[in-house]
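Shared between the two complexes below is subunit A, which has subunit B as its partner in the first and subunit C in the second.
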Partner chain A sequence: MVNKLKKYFALTRLGVLETLQWRIALCVMVLGNLLYLTLIFFLWKAIFASAGTDVVNGMTFEMTMVYLVLATSLYGVVELYLVWEIGRNIQSGKIVLDLLRPFKYKQYVFWENSGSLLVNFLFTFLPTFIVVRLMTKGTIPLGINLIYFLLAFVFSIIINYNIDFIVGTICLYTESIWGINIMKQMLVSLLSGATIPLAFFPDRVAAVVKYLPFRAIYDTPLTLLMEADPDWHTVVSKLGFSLFWVIAISLFSNLFWRLSIKQVTVNGG
Partner chain B sequence: MESIIKLSNVSKEFKILNRHEGLAGSIRDLFSRDYKIVRAVDNISLDVAQGEIVGFLGPNGAGKSTTIKMMTGVLEPSNGELIINNRIPYKDRTKNSQEIGVVFGQRSQLWWALPLVESFKLLKDIYQISDKDYNDMLELYGSMIDLEPLLHKPVRQMSLGQRTLSDILAAFLHNPKVVFLDEPTIGLDVAMKSKIREMILGLNQKKNTTVILTTHDMGDVDALCHRIVIIDKGRMLYDNDIEHLKKFFGAYRTLKIRLREDTEEAAVKLTKELSDLDIAISNDDTWISILVNEEKTRVIKVLERIQETHSVRDMQLEEISTEDVIKKIYEGGTGFGK
Partner chain C sequence: METINSNAAYRRKGPAFYLKIYLKIVAQDIKSKMSYRTDFFISTIGMITTNIAGFIAFLIMFGKFPSINGWEYYEILFLYGFSLISITPTQCLLDNNWSLRRYVYDGDFVKYCFRPINLWFYYVSEVFDVKGLGQLAFGTGTLVYAWIKLALPVSLILILKTVVALVTASLFMMALQNAAAASCFWIQNSFWLLDISLKMKDYAKYPVTIFNDVFKFIFTFIIPVAFMAYYPSLAILRPDNVPVLTYLSPFLGILAFYGSYKLWMKGAGKYDGSGS
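Right, the complex of A and B next:
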């Protein structure tokens, strides 16, 4: 059992080492995020100014900003650009080498990227969280909500990974990645609440989005984080919703991959 | 001896879309159901014992890589039965991969940005190699090559030769029962080639590892393989040792001559003058090589004909080289294997 875990954590360790090799890339990423945040600061300032009230759709300007800043840094952690990687490996044929590792392919790709996920969490999300907390003096409570957040965050990673893996699997058929990947990124960042808080969605759209798995990626962990003492009913229903999708989407992506890889091994690629 | 690899009547067919040319054709292809079936591997049977080195030869696109991919479990055969280590590889790919090692000469399995030793440590953990086995293996490597400087060099800074060497070491690290080497010496200089051959041979002997090797380099074959398998157009043409093959072509001799005139021009002239004889003429900078089948034409007669019009400075008579044998088979002019 210990050995088995070691097998996976060895991949995490190497991913950490590899990510730390590219320290300039890390700095550029932080800088890029800062630029993006400046942009949304002025955008939302304008939105609130034109609304003429302090509270729009139940959110103050400060809350909206805190949400978006955290969503942006969370995006930097969760988004692993796996569709690119899987697609490239399929095109170049490197996938053959990965298939020959003593892992299931889906697990192998996940653990190979877990290192950079960890680095990004420690070097972008955590500092951002601390800075935001200090600057806003208490918009984010420190209590049981942190536990809820971490739980929802784990679910978020799993759901996002499975979405990436499903889209990556589609590359087995299309052999082209660009268009599919752009569409996936747009869809996920819009429907998950990464770019616009779900509270701002029109009622009809919100009614649909409510049931889709995407909100479990950004909306659920962030709203759980920002609420000081949510009643347990809310917590259970939110986490339950995420857990349901974790299971459903994992099953689906496993099945889809099994059928697709069969296609490849039978017909060649 | 117990066989570790067993293929019985294995075939592999690919379904390939018939593509059309031009823009209109490409759009038509989107909806096309016009497939053709390509037989990449056709009815191959093979039995390899533990510890053998088998060379897979054949022209590009002959089906060598497809056969290897089936043996590693990445591809599923369309027909026939394939057993490696008492396992059906494509059904049990994850387990199978524990006991095989693979090197594709064109591609690296190492972690690009990191020193080699980090890749080794990772492989140690994912193949669950015990500390003792790992250290023993490194010691063995150290006794064969100068390992230390290689270990601490990031893979991306390595020369192609060093990288290939590292890839081979990585493939043997978990002491697999079978190692597949797909063109391991491609693009390497002579010194590196011989180093890598020594390495493969040494590991094969010390660890009794079965090695399946594909190559286009006859040097690899002469240095490593007792047994060769020749594949062309998916079919197996030959499966035996190299001596048998030469015996089959025993009547062939290579007559090498040097003339008092420009070698290049003379070769062209000779080809014309001797066109009535059943021989093949080729040349390098100094020597003109003439491949003669003694059963049809006497070497002496060829020499006589040459001396009528040219003056010969030097000559050698050689048995047919492995390279020429293989070339003959690829060209199929001998009726061999039919």
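Right, the complex of A and C next:
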């Protein structure tokens, strides 16, 4: 067991080193995110000013901003562009080499990218969180909610990774990456509440989105983080929902991969 | 072929020569894309889905908030359609810029350096992104719809103004993407810059008046988001009160595009082909 983990952590370490190699890229990413957040800030400020009331759908401007800022930085952590990686490996035939490695392919791709996930978490999400916390004293409580958040965040990573992996597997059939990836990216960022908080969705749309797994990626961890003392019912139902999807989607992606890899031949392999 | 290979022809190559070459290269590209029919089909669906999802996000926002900063729903819709149309040249013509950092990183970029034609031209002409035309159709539909709902007059002069405004906005979008791609000659991993430049387009549809003075300046003169729909459209949407910047925008657009081209070429000149 220890050996097995060691093998995976070696991949994490490599990923950390590789990501740190791109220091300028990291700075550019942070700068870009700041710029993007500035745009969002002014946009929502103007929107709330035009709305005429301070609270829209139970969200104040400050809450909306905190939510969107954290969602954006979380997006930078979770989105690893793995569909591209898997797709390209399929097209180039490199996947054959990866399949021969002493890892399960799904595990291999995940752990190979875990390093950059870790670096992104430490260098983008954590600083953002601290700055937001300092700037808006009241909006993010520090207490048990942090534990709930971390738990929901782990579920979020797993669900998001499985979605990527399923979409990557589809690339085995289609030889198309761009189209599939862009569809996935748009659907996930819209339906997960990454671009617009789910609280603003019209009731009928929200009723459907509520049951989809995408919510567990951004909406669940962030709403848990922002609530000081949620009642047990809320916590259990939210985390339970995420856990349900973690299991369901993992099983599905494993099954789909096993069926697909048998049937598909790869160019250049 | 002899004319192309002769030395004298290198120096005097007019637009006609480049157009001929462009059509030839693009025809090859489209042919090779057509051999991956599924990919083409899925990419087109992907493009349409993206636009629909973007539009749904827009509707959700405006379902709750009927106006932004004195700009009503149909005016923002106009800017939305406008920005989709003006991204088309960037999408269709400059798509190969997305691969630039990989070519530079792997060292394959060197293959472009040995052609007797303009390097930038040859590089970008290699890919023509057909699915950008779907976006163009979507944008045109949105613009026309908003035009009707705003009861804007249909006159030759106004249509002409719109075309000039669209070309202007396109120039700024091309300039930004081109410059972002060129950054890979210096910082190698330019993906983030390109990604940001693409994201900026999504915010071009909002009036620049939402910003405070500092950011109004930044988003006008440093990162020209305000020129990607807002300033050029003012000539059509608010004809009674057109600022100087709107009149200047076509010239600034040409300047910005030329600057980005120069930057790109400067970077390419610096490229040493080491691949690392």
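Rule of thumb we're sticking to: the second predicted complex is superposed on the first by the 264 of 269 C-alpha atoms of A that agree within 3 Å, B and C clash if a C-alpha of one lies under 4 Å from a C-alpha of the other, contacts with A are read in each partner's own complex, and residues count from 1 in each chain.
What we mean here is this: contacts are C-beta pairs under 8 Å (C-beta built on N, C-alpha and C of every residue); 3 or more make two chains touch, one makes a residue touch a chain.
Fair warning: this is a prediction, and the values are worked out from it, not measured in the lab.
Visitor: Which partner, subunit B or subunit C, is in contact with more residues of subunit A?
Guide: Higher number of touched subunit A residues: C.
Visitor: Kindly classify A:N57 by the partners it touches after superposition: subunit B alone (first), subunit C alone (second), both, or neither?
Guide: Only subunit C; A:N57 stays clear of subunit B.
Visitor: In the superposed arrangement, which partner chain does A:R258 touch: subunit B (first), subunit C (second), both, or neither?
Guide: neither
Visitor: Which partner does A:K210 contact after superposing on A: first (subunit B), second (subunit C), both, neither?
Guide: Neither: A:K210 stays clear of subunit B and subunit C.
Visitor: Is A:T174 touching anything from subunit B or subunit C once the two structures are fitted on A? First, second, both or neither.
Guide: Only subunit C is touched by A:T174; subunit B is not.
Visitor: Determine where on subunit A the residues touched by subunit B overlap those touched by subunit C, and list them.
Guide: Subunit A residues touching both partners: 22.
Visitor: Write out the stretch or stretches of subunit A touching subunit B in their complex.
Guide: 3, 6-7, 9-11, 13-14, 17-18, 21-22, 93-94, 96-97, 99-104, 262, 265-268
Visitor: Sort out for me which residues of subunit A touch subunit C in the complex.
Guide: Residue list for subunit A touching subunit C: 22, 24-25, 28-29, 32, 35-36, 38-39, 42-43, 45-47, 49-51, 56-57, 174-176, 178-183, 186-187, 190, 195-196, 200-202, 205.
Visitor: Within their complex, state which residues of subunit C touch subunit A.
Guide: Interface residues on subunit C, with respect to subunit A: 36, 38-39, 42-47, 49-50, 53-54, 56-57, 60-61, 63-70, 131, 187-189, 191-193, 195-196, 199-200, 203, 206, 210-212, 215, 219, 223, 225.
Visitor: Residue numbers of subunit B touching subunit A in their complex, please.
Guide: That would be residues 12, 14-15, 40, 66, 69, 72-76, 78, 90, 93-95, 97-98, 100, 102, 104, 107, 109, 111, 113-114, 118, 121-122, 124-128 of subunit B.
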